[in-house]
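Notes follow once the structure below has been shown.
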Amino acid sequence: MSLTRSTGAVLAKELKIELRTHDLTNTVLFFVLMVAGLFSFAFSPTVQESRRILPGLIWLAFFFAGTLMLQLCFVREQVNDTLAALRLAPIDPSAILFGKILANFLFLVVTEIVFVPIFSVFYNVNVWPVMGQLLLVLFLGTFGLSVVGTVFSAMTAQARMRELLLPLLLLPVLAPVLIAGVEATSELLGAHPGIGREWLSMLGGFDVIYVTATWLLSGFLVEE
Amino acid sequence: MNFALPTSLGVEFDRVEKRYGGLRALRRLSLSIAPGEFVALFGPNGSGKTTLLRMAALLVQPTSGKVRHIGAENLSPVDVRRRIGLVAHKALVYDELSARENLSFFAKLYALDNAEERVGRVLGAVGLAHRAGDAAGTFSRGMRQRLAIARALISEPRLLLFDEPATGLDRQGREWLEQTLTGLHEAGATLIMSTHDDSVASLAGRSIWLRAGRLERDTAAADAPLERGVRQ
Amino acid sequence: MGPAGDGQRQQIDGTVQEMEMTTKSKQRVWGLAWVATAILLALAGYAIFFVAPRELTMGNIQRIFYVHVATAWCGFIAFFISFFGCIGYLASRQMEWDWLAVATAEVGLMFTTVVLITGPVWAKPVWGVWWVWDARLTTAFILEMLYIAYLLLRKMVTEPGRRAMISAVFGIFAFLDVPLCYFSIRWWRTLHPAPVIGGGPGSGINPVMWHVFLFGLAGFLALTVILVRDRYRMEALRQKISELAADLEEREESLESKEVTR
Amino acid sequence: MRNFWSILAAYLAAWAIFFVYSATVGRRLARLEDEFRRLRERVSKD
């Protein structure tokens, strides 16, 4: 069976389960909403300050929400040892990871589409003129987060104290995504909106490097 | 049911060792199971039965030694996987999905043709046709076990590995299991099964006892009931 | 115990004797290496303060450079070897690669800590601040975080084979991150002085300074080697101990069962 | 000597880290060697 078809099968399974339970999307939506509100209470920024802090706030909110969500991704497969069932199947082990990466990416993307306008309203920053570019930057960064996050979730699923471990492993590796993402977003929300080619290529480069590494190492990742 | 095509798959363990840190689950164990054999595995908890079965299913890599599948010399690793079925301790199905959805999903992973028809047939064979649309999470222990067996049979494997298949089944379920096992064996599939259930075990043609990761005894079926009485 | 057990026991005794003979002489060699490294480092300390000339623009504070740069190199070399250890383990599944990876990661982390402490002490009088989020500083900081995470991960997974595999994957992911981090921060902001050694035209240092630097570097490299060796040996011993403990337990078990059958 | 204390602090810190780390590695190694020797004796005694 081809890699794309088996990836598609795993992705469809993830989406079906999520549509039935809404566990992951509900958690993430609620978490991001809380961060958007609480941050405003804590700092009550002026419009100008908002423009400056909003890029960082958006990225951190989605990073932490993603970390929270990704923890469940492989723990879920342990309840009935379904990971073993996936590994028994005659498919490339990277299909298991890629299917889950795409599912996690979609869940986060949905959250972002919902929340960018809400952030815009809460912080009085008009994002409409640059919405398309902003979402492009967010998607590139979110994809990197999903790739590394899913892989680390697979790695830590059987470790002690995995809830603490995942953010510790994930956040330092994601530093380049955070820097590039925040910088690109700042440029878009700045006085002269534009998009830095170098930040996009950094985000794209990160995605390409880690997708390749995941593809090469997937056999080890799902091992018992 | 007509499971298992002509060529069946055996398995050979060649001085296999599996260590989990200081713990040695299997110790230089050598064992050969020919295609078409029906083997019962006995041994106290922690004697290595589950590790042996999972190793035969290619889920666990040996620390040293080799696992070979007899009759798979010209097959790619993926094609070997395609011919193996495992019924494990846990059900290996998704609680959130219905019985039918679970089987359809795995049928898709095995790239089976006319999947829908096959799923329907297997559901009928394990006696779950009336609950096909219900989520697996709502099933009783015995029904989950039936679904787990259905999951393993969906791809018509030639080497079937059962880890305590009788757990959770009532008397009627056990009779059904015995019939199914006999049917599979007659159709030429290789069966390896760990069990504590005497009547299910009595179907096997060969009995193997494990102790602390070693082969303790390997006998033909005729001696099995007597041996079991002494040993357990 | 049956004949198989006796054979196994002879094998153990044989390796034990063999090891005893080699360890004595080996220990002496490595003891000497320790002494030599200590002397080398003491001499380097002397040379840094009393042989190297005073730098004209920065003054004496420049003397930190000798330790700062040399330890940064050692740390980076150690992490680089650790990266290869991770790849080696995944390619071969031999525990020795994992031991090399953890030994170099820990020693590299120690050196990076020194870099992160000496850096700000130099920066304060020269830049006027202890710390800036500059490309090199931030990269060093993230390197430190990545390898702390690596060691934490190892603590959380107990089964050695699994631990080796997981940490090898993480080690590779972490090391791939370093160039990405460096470039992202370089485009972001940079303050750190350009490399003096092997930089563009106009760079380069006084030959005496250069020799003092090389002398110090030799000392730190020697320290890296012996620390990595000791740390590696710890891992090797841990495995031997767990094997011996398993053998003993097995022997006791079989003695017990013998008594029961009697 | 300008900045003398800074330099001294930096060097003391660096050498202290080297020393402490080497000492811990040495101590942990010695403890493992001991344990290994003890186990080995038990194995050859049996």
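Letters A, B, C and D mark the chains as written, and numbering starts fresh at 1 in each.
Methods note: a residue touches a chain if its C-beta (ideal position, glycine included) is under 8 Å from a C-beta of that chain, and two chains touch if they have at least 3 such contacts.
Remember, it's a predicted structure, so these values are computed and weren't measured experimentally.
*Asks:* Listed by label, which chains are in contact with chain A and with chain D?
*Replies:* C
*Asks:* What whole-Å value do you get for the distance between chain C and chain D if each is reduced to the mean of its CA atoms?
*Replies:* Computed from C-alpha means, the inter-chain centre distance equals 14 Å.
*Asks:* Mind checking the centre-to-centre distance between chain A and chain C? Centres are C-alpha means, answer in whole Å.
*Replies:* 33
*Asks:* Just curious, how far off is chain D from chain B if you go by their C-alpha centres, in Å?
*Replies:* 52
*Asks:* Whole-Å distance, chain A centre to chain B centre, using C-alpha means?
*Replies:* 38
*Asks:* At least two other chains touched by the same residue of chain C: list those residues.
*Replies:* 158, 245
*Asks:* Please give all chain pairs that are in touch with each other.
*Replies:* A-B, A-C, B-C, C-D
*Asks:* Under the touch definition given earlier, write down the residues of chain B that touch chain A in their complex.
*Replies:* That would be residues 54, 57-61, 78-79, 81-82, 84, 86, 88-97, 101, 105-106, 108-111, 151 of chain B.
*Asks:* Residue numbers of chain C touching chain B in their complex, please.
*Replies:* Residues in contact with chain B: 158-161, 242-243, 245-246, 250, 253.
*Asks:* If we count contacts the way the header does, which residues on chain B are in touch with chain C in the complex?
*Replies:* 19-24, 63, 212
*Asks:* So in the complex, the part of chain C that touches chain D is made up of which residues?
*Replies:* 9, 12-13, 16, 41, 45, 59-61, 63-64, 67-68, 71, 110, 113-114, 117-118, 121-122, 124-125, 223, 227, 230-231, 233-234, 237-238, 240-241, 244-245, 247-248, 251
*Asks:* Touching chain A in the complex: which residues of chain C?
*Replies:* For chain C paired with chain A, touching residues are 90, 138, 142, 145-146, 149, 152-153, 156-158, 162, 165-166, 168-170, 172-174, 176-177, 180-181, 183-185, 187-188.
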